[in-house]
Structure formats: structure tokens, C-alpha cells
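Shared between the two complexes below is subunit A, which pairs with subunit B and subunit C, respectively.
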Partner chain A sequence: MTRLFGKHGWVIGLAALLALLFLFTRLIQPGFGASGLDSLARATLPFAFATAAMAVVVIAGGIDLSVASMMAVAGVTAAVLMDGAGTGFSVFAVVLVLGLGLVMGAINGALIVVTKVPDIVVTLAMLFVWEGTALLILNAPGGAAAPWLRNIVVGSVIFPWLPKAFVVLLICLAVVWVPLRRSKLGLSIYAIGSNELAAYRSGVAIGRTRIAAYALCGLFAAMGGLALTSATGIGEPIPGPYLMASVAAVVLGGVVLGGGRGALLGPIVAVFILRLVRMDLTLLSVDPNITTIVEGSIMVAVVMLGGILAARARS
Partner chain B sequence: MSATENIPRLTRMGRFLRDYPIIPLIILLICLIATLEFLRPGIVNERWIGNTIKFAIPLAMLAACQTLTMLTGGIDLSASVAATISAFVMATQVPIVGAPLAICIGLVPAILIGLVNGFGVAACRVHPLIMTLGTGLIATGCLQVYQRFVIASGSVVPEGLAWLGTGRTWGMPNALLVFVPFAVLIIWAQRRTGFGRLLYALGSNETAARISGVRSWQVYLALYALSGLIAGVAGLIYVGLIKAPSLSLVNPLLLPSVAAAVIGGTSIFGGRGGYAGTIVGALILTVLGTLLTLMQIPEGARRIFFGLIILAVTTVYIKLTDQS
Partner chain C sequence: MKRFMSTTAAIAMLTTSLSGAAFAEGHGGYTLGISNTVQGNGWREEMVCAMKAQALVSGKVDALNIAHRNTDAAGQLEDIRNLIEAGVDAIVLNPANSEAVNSAIEEAIAAGIVVVAVDQAVTAEGAYVLSNNQEEYAYLGAKWLFEELGGSGDVVYMRGAAGAGADNDRDTGFKRALAEFPDINVAHEVFTGWQQDQGKQQILDYLATGLPVDGVWTSGIDNVIVDAFVESDVPLVPIVGADNAGFVGQLANMEGFTGAAVTNPGSIGGAGVTLALQVLDGEIPDSNTVHVDPSIWANNDPAGMELIAGAQNPNLDPEWPVSVMIPGWTDYSMEEIIACKGPGE
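After this line comes the complex of A and B, so read on.
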């Protein structure tokens, strides 16, 4: 029990914080129930996918500044393909967009491996490239989302308090992450993030693993783009605020910048915490701008605390 | 002597470029200008050069924040917000307290942001990327709240700043009056002062620097406060150029400022680079922007080119100087 707590202490703490926040929400808004959970889950969906995308590359010891731009490319591609298309073709479009995400991510990874330019610089440059690509595909917000894609995230399933969007999120992440975590590739991703030289000497193909990690990041970003399109019903070529938010959630979720530590669960809990805080502040009818300040302060306070704790542990 | 003759020519060129990293950049800049002149004969004249320099100056100043922080292995992503805040606060305070005092008030929040960054990086050992991202977020929120209180008073850009930002004397922009001493000071400080050498030392090997007796927290605090101040001044000059203070005034310059420092040969991992390269990098980006606008290609393709060129230049640079 203590070992479990020691290993997952951060995530358990986050979950407790989330539970407290739910209680608090219930206190300030006694009517908070199924519909509140539903709107929370739907608002969190794109953020959660962006966070998952960022988490994978950070675990692998990198960072991807182009997450939000890749989401925009995936979102507009989906919206353009689905505009006026039938159900059959729209399913094909979803598969195509997911494939596109993999390819975009793999391009990012391959460029980092081939050019040997630092990952921050490469993904910074690719941020412009993907942003431009999204603008070329769709110059102004437009297109449409297939009706089934919109229905898939609205409402609840099995229990009235279990939002569909939340289930969709869990399934999408689990389908990719759970088998990966158990596989050789998953282990390699943790290995190169933890210590690249040691991983290399243990026979891990560094380059290929890094490309795979970035491809996964692209895949999650494509899911985020699809979630965005299904939420708004149109494609939006200008990237949203997902870069900052995903980095914040990843750090809050206990994934160490520099790599090798953490998992997907922590960042996902963290992203719900951040969204719930925002929702609570809205319920309290606090100025939305103050909400931004609070969010930023939480993020900074958490990383400062984490930094001090880490320094204590070292000394 | 015989040893040097055996070294392949490419390696020797690489070494030469590593010793004088600014030369290939200047060649690239000249090539870009030549392309521009080739596409539109007659465009490169005194007026155009003045304009290019005018727009490159705020970018180069913002890139100074990135260069200095990158020397220690950091980055300052709150620089654009700090610049925007000082420009906006200054412009809205002018009708209330007058221009000179407003300029001083405007620089206060920028320095404050820098001090908070420095505190987080130095005392709490937070990664600079995260720390400056967070303070940038907080500061943006604060600016939006502040805007509510001053919305009635309106905003004025003082004539002095407008003169500095847009005016020109003998064809050259007046902003050079600030920028030239600033650039000389930075280049002198990074090479010849103890503070500058400490930046390189911390960036090359922090543990070694610490063991040698460097009080790293003092250096970080001073560095990020300085970065905030530089960003504030850059914001003031930029608002003099644009003449319309807004809540996202300098934000579009943030990523180009990082790009300018990187193209200029400053290593993002610290310990290598300098401000002279960054200035050329900022000029390259400005000329590139003009070139892409002139070619009348759609906005999307322009951004793609911009990204790819940043990537290409850094790749070639790293290959030639063998930084990896």
C-alpha cells in the first residue's frame, strides 16, 4: 500500500484534488449534475488530447511546440472532407485524418533525428509549417462535421452521469496507450527519455523510437483536431490555446520535463482539474480574465513547489 | 603546419565559420537582398533599407532577451507579454500622469515579470520554458483586467516615442539612436564583463560554474530582470512604430524572436552564441518577410516557407559548425 502510494503519490494527490474540486463545485452549484459533467467532459476533450500528445513526447525526452498547429490541420482536413459527405465517406475521412496525424508527427520526429537540430527549434519551425498548411487547406473557418461525429460526444451513455465524451476520451487513449505501455516500443520511449546514452548502449534504436514517439504525438493531436471539429461543427484554421494548456497540464500531471518519468493518467487528471477550476470560476461569475490569472498562478505555483520538492529530494 | 594541410577542406571551412559565425549569416542576408532586387529591380533603395531596419529593431531587441537567456540554457517566452504590457500601460497612463512618468510606470510591470521569472528559475529550479510560459499567462490575464479600469481614459502614444519609432534623420530611422548604444552595450557586456562571462559559464556547465563559486541564483535573477527590462523597452519602441496599443501588440513577434536568436547561431542549450549574430538573424527574418510578401503567395504558403527556411538555416549552420 505504501509502495503503491509512493509510486503513484502524485497522481493520487491529483485525484484527491479533483474530488475536492467536484465537492466544491457541488457546494457552489447544488444543481451541478449530469449536464454539468457532460459540458465539462466536452470542453475538456480537445485539451485532453492535446495534453496526451504533449505527454508522449515529453516522456520521450522531447517537446513538441507544434501540437496546436497539427490539431488545426487535422481539424480543417476533417471539416473539408466531411462537408456534404455521406456517413460511409466520413468514417473514411476520420481514418484518413488519424493517418495524417501519424504522418505529420512522424515528419516532425524524422526532421529532428535527421537534422540533429534541437527539438524545440524544429517543432517551432514546424509550428509555422503546419499553421500555414491549415490555412492553405481552409482559408477561413468553414466546412462541416458529420452528424454522427457530433453525436458521438454529446449526451451520456449507460449511466445518466457518465458523459459520452469522457468515455470516448478513455477509449481513444486506452486503445493507443495501454498496449503501447506494455510493448517494447513503450519501454524504449521511456528509456530514451530517461537516459539516451544508456538506452543506446542497451540496444534501443534511438532514432526510430523518437520518430515513433512524435508520430504518436501527431496521432493524439489528430484526435484532438477531430474532437475540436466535432465540438464546433466547423474547421478552424487558426490554432487555439492548446500549446500552453497542454504543457501546463503535462507538468501539473507529474511528467518531468526532460523525460523518462510519468504517464498519461496524471496529465489527464490534471487537465480535468484545470478545466474544472475554470468552470468553477465561471459559475462563481468571476471575470474570465481573472480566471486566466488563476490558471496561470496554479500552474506556476505547482511547478515551483515541484521544483523545491525535487531539490529537497536531491539534497 | 603539415597537420593543418591534411584536414579536409570542408572541416576547415567549418572551423573558420565556427570562429566567425556571423560571416555566413551576412552572406545569406546579402543573397536575400540580391534576390529581392532581382525580383523587383529598384526596390532596394535608401528608403527601403531604412524601413527594414525600422521593423527589425523591435524584433532584434526582443531577440536580445532570447539570446541572453539562451546563453544560460534558458528561454524567455514571457518577453512578448512583458513588451505588450509596458507599451499598453505606458500608453494608457500618458493621459493621466504625463509622458515621462508614464514611461517609467510602463517599465515597472515588465521588470516585475522578469523578477518573478528569475525567482522561479533561480530559487525553485523551475525549467525556464515553463516558468516564463506561466508568468506570460498570468501577465496576460492581469493586462486584461487592467484594461477594464483604464478603458475610459483612452490611450496616447507620446510624440517622443512616435518620433523614435517612425521618424528618420538623414534617411536612417531614429530608433537607431537607442538601438546602436543598446547593441554595443550588450555585445560589450557579453564578451568583456564578468556578468557576461558568467552567462556563458552557467550555460556551458552549471555544476562546474557553481562549484567554482558562482552564485547562480543571483545571476539568474539579474538576467531575467534584465530580460524583462529589455522587453519593456522593445515594447515602447514597437508601440511608437505601430502607434496603436492593443492587448496583443507584440505577441506576433515572440516566435520570430526565438527564431532570430537561433538563426543567429545561439545554441538553445546554452554556452554558445552571441548577440551580433542575433541582430543579423533579425535582419534576415525581416527581409525574408518582405520577400515572401512581395512574391504575393498566399498567407498559408508564406508561413510554410518561413518555417522551412528557419529549419534549413539552422540545419546548415549546425552541420557546418558541427555543434552537435
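After this line comes the complex of A and C, so read on.
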């Protein structure tokens, strides 16, 4: 029990914080219930996928600044392909877009491995490349999402308080993450993030693993793009505010920016915390110029508190 | 960990006690929600101030719930749904684009909330629209510029933000005017992103090349373009901008400068509040859509110059449009909008 608590302390702490926030929300808005949870889950979806994308590369010891731009490319591609298409073709379009995500990510990874230019530089450049690509595909908001893709995140399943969007998120993340975590590739990703030299001496193919991590990042980003198209019903070529938000959630979620430590659960709980804080600030009608300060302060406070607690635990 | 939890609980309690004031306000009037997705831009700030001022002077609004930040359409969906959760009576929004936020608007209408879209239209059924005609905005200014150049010459085309709905509509209007003047050549086309610094750098770079320029059309990033000509020591050419205070001041006062301002009132936000309150009071308008058509003020035309001279106000922020009121729609005074205070502030 103590070991479990020690290993997952950060995530348990975050979950407790989230529970407190829910309680607080209920306090300021007694009517908060199923519809509120639904709004929250739907708002969380694109941020959660962006965060998962960022988490994978950060665990592998890298960073990808082109996450939001890749989401835009995936979103507009889906919207263009699905515009006027039947259900059959739209399913094919989803598969195609997920494949496109893998390819975009792999290109980012391959450029880093082959050129040996730092990841932050390569992905910063690719941020602009993918942004331009999205604008080439669709120069203004347009296209359309297939009706089934729009409805897949609307309403609840089994229980009235269980939003479909939340279930979709869990399934999509689990389908990729659970097998990965148990595979050799998953282990290699943690290994190169933790200590590249040690991983190399243990026989891990560094280059290939790095490319795979970036490809997975692209895959999650493509899911994020599909989530955007699903939410808005169209494709938007200008990337949204997902880059900084994903880095914030990854850090808040307990993934170490140097790589090698952390998982997906913490960052996803962190995304929910950040969205719920936003909702509470709206419910309280806090001055909009102050809300960003509040959001930033909460993040710094929680991460600092975590650092202090970790230091105490060690001593 | 225990300490961690007790600390967070203490923080939560502290926030609760601080926020108690928000609930102590009296009830009886309406609560309005506002959603806007561009922050830190003079035009949008004037729009939000017009909303606040109009809500205050109407005397019918108890509280405003303002979601005002830089975000995309998905973020606006989140904001609208949060406003629904907050239980507002009406939502006045400047939509990220015409289709993407329809689902949340429809949910709001289903919840009995009056929704008014200002500046740009939305296609959601049951929503009210008070929009500036963006295509006409670009057409008027471009036509004036091309006529001013005698129907031929090299024009620099300085657009807004790539992929934005309003930029797209304006491009349609610009191209319509261009089609009427086949001898006008677009020598250079750039996206300023509606950012002053970016637009100024772009025109400085172009002027430094020494390539010909006979006129400039801007999408509202205007006074810095005039500044760039002066700073580069290049003779001024005709420039089209918006009715921003800084640019209108240049039109009035600069020797040898010919230009025109096209009106694009940010005060449409205040008009949106008026419309929302009318609908809440049961005064349903005949049509769901009201278009506000722009007008052009050229400083080489006596009627235009009179309007330019009348609009001078040193108290206005140079990035704010000078058309701070819309007759018949807004009731606040100049001081009230500049003060930018809403009910309860």
C-alpha cells in the first residue's frame, strides 16, 4: 500500500485535487451535474490528445513544438475528405488521417535523428511547415465532419453522468498506450528518455525508437485534430492554443521534462484540472484579464508544492 | 501527501470565501454572458467595453459574465457551454467563425438562452445576428483606392489573419473590386495577422526593396503603415485603412497624405447587448439578421473630411475605432465607453 502510494503519489494527489475542484464547483453552482460533466469532457478532448502526444515525446527525452500544427493538418484533412462523403468513406477518412498523423510524426522524428539538429529547433521549424500545410489544404475554415463523428462525443452512455466524450477519450488512449506500455518499444522509449547512453549499451536502437516516439506523438495529434473537427463540425486551418497547454499539462501531470519518468494518467488528470479551473473561473465571472494569471499561478503552485514534497520524501 | 491535501483544501476554502461576494449581488435584472476569442486587439477591446457600457446604462443587467481570451472555435464552444452552466439569460458573442460554434449555440437556445452574434454571422437557427458587412468593407476601400490611382498601378495588399472568416470575406470583396480594374496589379500580398508590429515590419521590408508601390490597402493595420512610409523617407501614396483613431488622426492632420478610412464599428458589441435585452423583454425583431453596412471617409472629399474632422478625439486609444456609438442601438456616452465599466464594477 505504502509502495503503491509512493509510486503513484503524484497522480493520487492530482486526483484528490480534481475531486476537491469538483466539490468546489458543486458549491458555487449547485446545479452542476450531468450536463456540466458533459461540457467538461467535450472541452477536455482536444487538450487531452494534445497532452498525450506531448507526453510520449517528453518521456522519450524530446519535445515536439509542432503538436498544435499537426492537429490543424489532421483536422482540415478530415473535414475536406468527409465533406459530402458517405459513412463508409468517412470511416476510411478517419483511418487515413490517423495514418497521416503517424507519417507527420515520423517525419519530425526522422529529421531529428538524421540531421542531429536539436529537437526543439526541428519541431519549431516543422510547426511552421505543418501550419502552412494546413492552410494549403484549407485556406479558410470549411469542410464538414461526418454526422457519426459529430455524434460520437454527444451525450452519455450507460449512466447519465458518464459522458460519451470521456469514454471515447479513454478508449482511444488505452488502445495505443496499454499495449505500448507492455511492449519492447514502450520500454525502449522510457530507456532512451532516462539515459540514452545506457539504453544504447543495452542494445536499444536509439534512432528507430526516437522516430517511433515522434510517430506516436503524431498519431495522438491526429486524434486531437479529429476531436476538433468532431467538436466544431468543420476544419480550422489556424492552430489552436494546444502547444503551451499540452506542455503545461504534461509538467503538471508529473512527467519529468528531461524524459524517462511519468505516464499518461497524470497528464490526463491534469488536463481535467486545468479545464475545470477554467469552468470555475467562468462560473465565478472572474475578470477575464485575471483568469490567465490565476491559471498560471495554480500550475506553478502545484508543481512547486510537488517539488517540495518530493524533496521531503527523499530526506 | 496529507499535508499536500490539507493545503489544497485550505486554498479551495479561501477561494470560496473570496468568491462569496459574487453571489451577494441583488437579483431581479438579467445576467448576460459574453464570449470573445481575440484578446489584446484594440477593435475587440472596444467591442467588449461597448458591451459593458451598454449593459451598465441599460439598467436592466445585474451582472456580466465575460469569457474573453485568445482561443480557437473549440475553446469558444467550451466558453459558451460554461456560460450555459452559469445560467446566464442571454449570450452575446463574437463567433470564431460562422459554423464552428453552432452546436453550443443550439444547446444554449434549447436551454432558453437568447443568443446574439455580433460582428460576424452564425448559421445556427434561432440565433440573432448583428454583423458588419465584411465583404462590402473591403470592396468600398479597394474601389476608392483603384479609382484614386486612375485605374492602373501597383498595389500592396495587406490582409488580416490567414484562415480567419472575416479575412476571407474581405478577400472576396477586394477581388470583386480588383476584377473591375484589370490594370491594377497586386505587387505584394501579405498577412499582417492584424498585428501592428508584424504589419509595420512587412511594409518596411517591402519599401526597402525599392520595388514600385502606388497604393496600399490594409485590413485595419493602418497607422503604422503610414508611419513606415514617413520613417523610410518614401513619398506617401494613397492608403486605405479602417476608422481607427490613430489612422483617422493622420488623415486629418498629415500634409500631402491622401487616404480613406472605412468604418467598422467595434461598438457593434453594445448594439448586440441592446438587441439581446430587447428580445429578453419580449420585443422580437422582424428579422433575425441585421447587417450594418460600412461607409467610407476619404480625406480628399469634403463630406468625408467633415466626418474625419468630427471624429477627432485625443482621449481614444489609437487602435480603437472612432465610431464608438451606433445611433439607435447604443445609449452610453463617450466617457462611459472609455471608462469601460460594466454593472457591479
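The rule is short, and it goes like this: the second predicted complex is superposed on the first by the 301 of 315 C-alpha atoms of A that agree within 3 Å, B and C clash if a C-alpha of one lies under 4 Å from a C-alpha of the other, contacts with A are read in each partner's own complex, and residues count from 1 in each chain.
The working rule: a contact is a pair of C-beta atoms (placed from the backbone, for glycine too) under 8 Å apart; a residue touches a chain by one contact, two chains touch by 3 or more.
Everything quoted here is computed from the prediction, not taken from an experiment.
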Touching partner for A:Val121 - first (subunit B), second (subunit C), both, neither: first
First, second, both or neither for A:Val129, with subunit B first and subunit C second: first
First, second, both or neither for A:Thr292, with subunit B first and subunit C second: both
Partner chain(s) touched by A:Val300 [first = subunit B, second = subunit C, both, neither]: first
Touching partner for A:Leu185 - first (subunit B), second (subunit C), both, neither: neither
Touching partner for A:Leu21 - first (subunit B), second (subunit C), both, neither: second
Partner chain(s) touched by A:Asn139 [first = subunit B, second = subunit C, both, neither]: both
Subunit B/subunit C common contact set on subunit A: 135, 139, 237, 287, 289, 291-292, 305-306
Subunit B-touching residues of subunit A, taken from the complex the two chains share: 63, 111, 115-118, 120-122, 124-129, 131-137, 139, 237, 244, 247-248, 251, 257-258, 287, 289-297, 299-300, 303-308, 310-311
Complex interface listing, subunit B residues touching subunit A: 75, 120, 124-127, 129-131, 133-138, 140-142, 144-145, 148, 255, 258-259, 262, 267-269, 298-308, 310-311, 314-315, 318-319, 324
Interface residues, subunit A side, partner subunit C - complex: 5, 9, 12-13, 16-17, 20-21, 23-24, 27-29, 31-32, 35-36, 39, 42-43, 46, 135, 138-141, 150, 154, 228, 231-234, 236-241, 275, 278-279, 282-285, 287-289, 291-292, 301, 305-306, 309
Of subunit C, residues touching subunit A in the complex: 1, 3-5, 7-9, 11-12, 15-16, 19, 22-23, 39, 63-75, 77-79, 81-87, 96-103, 161-165, 167-168
